[in-house]
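First chain written, first letter: the chains are A, B, C and D, and each begins at residue 1.
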């Protein structure tokens, strides 16, 4: 059985693993104050072209979301997300666990829009309601779509005007970075208050790199990390990995590879007439399959069931990654063809 | 200007006030361990016909909701409500402030339905999502509707089967108690795990009486009260008021009066052809008024704007209470007639 | 049995009760936006001589403490108190319930000292420890002592230098206000960032008036109140009471009365040679009594056991209040004499 | 400069690293549901001789503490620890951040005693105080001491009698496991409600293995993990490491090695007449050094300053680990000799 379940089925990209092996016996100080973390930060600052940004590393995505959001908000403030936002659906109320409401509207192709934010602000006029203070978006979204540079700029302009923080969850950022009309790392850094560069789903063994642009959010962030149990003792493990991923564009190479693998799969489904759900160019493929076709696929492949549809169909998801071998995808494409 | 803004515009019902005056100089022990609280509890147990229920008193509704919900839930559990539920909209995320997600679906005439709960359960299958554990309903609802005895029994049967607690917020309970097909106090006690009898909006100076039926929710409730800052030093103030309201059906008399006052107002609007929003027999009147009519009304009366509608109309709310004099309502009805 | 258990054994001071009766049928808007609250605020601002302070009212002391402290602190910050501080001992971890550590050192005559704060700061140098950000003191203290004007100024100077907020819990403030070397209301307002004027233990039926001096703590305080379930629907009840207590120095008259009653009792114990615990001039009397003497007293009076001592003695507490009749104290003094 | 700062200065033990390398390209399901985690659990269950225990893996110690403690306690409950307990001092109030008070007494040689717990229970009689519900101990302690089997059994007997949970933090468990009178893994499992086997400081790249013995604490633990951001996407990384550490007693070998290295250092200090602080046989060495001696050492070695003492002395800490080469220790011992 080959698994298309997700982009964290394997360990680490060979280059990342090699860097961990090479540095294994070195002594460093703990908690992210080591030279590897320093080097990784420098590479990030250079790539985002924002020398005064702060960079912090931690282990996972839910952790990153809860730390950033609780750090930015006061007790009575909430965060705006789409109803499909990862923080709203797939994190066991980790954000609410820190005391903050996730305020939602139905997504537009997986995305938050200016109009949604505007409506939410209008519905929260006074102190009897939670105060919306941050907007949470993901690049790429849970549904495989992405924000164009223009869309990001529009949301940023609106949030800035309205005193809201904009936070971009980049768990799968590499998949979007290599798309033509998507914002670059530097574009993102110019248009958000805080974001993170995902590692776990992008070739790292684990890890996310939080980048803070807005000075208001910088103060005492290390206290918040430790307070939430999110400061790794051997912090250098994170520095080593992000330095490796970002120093020579390995990160983008991974994004390009996984998108290409996903494109092959999309083409194969399209050729057979199985409808794709939402226009997507990223590493997640959503397709509506007849149940009998799905059964045949599942004799050899693992895929995720998203939702049963009418007419004996199931919406399923397939995910590619740095670890998806081209040869496996070619086999899969052949398999689809002959169905 | 006469105010129809809400049912807490005045102080306390004269009988309640008198009881506070009479007892003012007596010495009692603090924190609800006094004889007045004891007597109030006995009256409640008798009226609900559940001798082993626990009764606790506290000051306000948001407090009651956050104390009960946080007491019932473990960290990773959430509470189901309609999108119009008071805890979802009007409590500045007080429930989320205790760490718990409010899980919502759009209301059905202001109410939660078995179908809504069923859908939510289906969408929360595993540990990557918050675990739904309680259902929150209000009698009467935020929109002036109410659960019939049958509806309450149906929801109760479903929650019990599915291991969910059922919690009824009775901030305006008196208004529903006197309606024919609505559940009585004893019916409610048989069909929920915990509920409260509202005082603040029902003639008390302040106060809500929490009644716990399910043994699992009884343990250490006083610790929870104190922990949340909700244990009143002079607890006897609450005992005195609830004893007065409940010993001789003053509570129901108040409900009957306020419903009747509201009925007069509803009739007046209907007679003029202004459409009422949702079928209502309780003390909240929702009506859609042309803007020019509203302007005339607001020269003499205070009402709440709910929502601008199309066609130069505004949905407004008028609320009656124990303190609404019949003569004021008659004047208002005359005023409407001549518009 | 006459009770010296505490200063909240009765209802409200007759003048306060009368004001509630007089205003009972008036209609006001809710949540503290009414004219009574406005008038009470104006009286307070005038008496503290700080026209730009913010004033908010809520029901009880634990509530006041948890709202103020959680409003002032970020997630990873803690509050310094003495080990006998009310927030450390008698509030069922309400402050920790909002996520904040109470950092303590052993008290000095019930008080926090500059030296204690200095030591705590030295022990919390970096992000692996909670960040001390606020100092909590009570006037009067749990042990009946009080801060002199000089002591308050010293603590204030130190906290200001070190970027700490100073918060004064004035649950029994009236008892200290009338002492010669204690700070006045205006002195307090000049030397703290936030404090509250206690009502519950000072003649109000219930209520505490929070006064915010530091601009950093003013923003969105009403959101915090509502978020914590601490915003009273009938806010005017609080305004009426504080206006009555403060407009003509009734508050100080109560303090003077209760201290005088306590002085009589202290004299009686001293005359019999029973040692008082800590020098006290306020409304709490701590005395070490032989067990047989205590037994005789407890045939007629309720007192609080604080701690068993060696030599068959018990440390007990007696509390006087606005409601303690002089004639009862005289009877008690006679009773002590003849023991 | 050679560092004796701590036991997490290097990466992973070579055998652990090798296991990560070998498994790197395999596909597994996420979140700890893979075969490696299954195998690691089986090894642990066998070694503790408790087939029905639950085992969960997560990344770090502060995370383990906050997840276990918040899972075990209800809102109004607190955890007992010594004043030197890691949760009280070195975790930036992470436990309080989940809403729970850490209740402390001064340590006895770094340890909690039955007498301390007894006193705390006596001081927390009712609902006006936090309810103590769990006792937290560390094996080894922060000060390098350890609980004997007898001491652990005594504490367990007392906690069981008094309805308290006993939780053992085993961040440095391996160092104690190999001492004669210390409890074995099976002894620990018989005498606590929950504990964890530390990996981060014991040769793993990262990770702690939580073992739950008490059925009351088992339910929904995976929900709690995810809710607190503590469920690792690539869970298999944890399974692989713990399987490697525990399948053939590598874990104990590491403990034995680090203790032996520390013994050499202790002998060297003793021989020179520098007093050791507290009797210790584990991998932490606490020694009081004259400042001029310390200065000489710090030209070549990194050590931790614990506390300045009188008489121009400093208490310092040196830590050994799996990675401490015997040859480095021998060089250090020679260096000490010639001082």
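Please note the rule applied: a contact is a pair of C-beta atoms (placed from the backbone, for glycine too) under 8 Å apart; a residue touches a chain by one contact, two chains touch by 3 or more.
Molecules present, by chain and UniProt name: A, B, C, D = L-threonine aldolase.
Just so it is clear, the model here is predicted, and its values are computed rather than measured.
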Checklist entry - Which chain is most remote from chain D (L-threonine aldolase) in terms of Cα centres? => result B
Checklist entry - Does A-C or B-C have the larger number of C-beta pairs in contact? => result B-C
Next on the checklist: From the mean C-alpha coordinate of chain B (L-threonine aldolase) to that of chain C (L-threonine aldolase), what's the distance rounded to whole Å?
Outcome noted: 33
Item to check | Centre-to-centre distance between chain B (L-threonine aldolase) and chain A (L-threonine aldolase) (centres being mean Cα positions), rounded to whole Å | outcome: 42
Checklist outcome for this item: Cα centre of chain A (L-threonine aldolase) to Cα centre of chain C (L-threonine aldolase), whole Å, reads 50
Checklist outcome for this item: Multi-partner residues in chain B (L-threonine aldolase) (2 or more other chains touched) are 75-76, 91-93, 97-99, 127-128, 130-131, 223, 226-228, 231
Next on the checklist: Using the touch definition from the top, list the residues of chain A (L-threonine aldolase) that touch chain D (L-threonine aldolase) in their complex.
Outcome noted: 2-3, 5-6, 8-12, 14, 17, 20-21, 23-30, 59-63, 65-67, 91-94, 97, 200-201, 205-206, 223, 226-234, 237, 323
Next on the checklist: Residue numbers of chain D (L-threonine aldolase) touching chain C (L-threonine aldolase) in their complex, please.
Outcome noted: 75-76, 78, 89-93, 96-102, 127-131
Item to check | Sites on chain C (L-threonine aldolase) touched by chain A (L-threonine aldolase) in the complex | outcome: 31, 70-71, 74-77, 98-99, 127-128, 130-131, 220, 222-228, 231
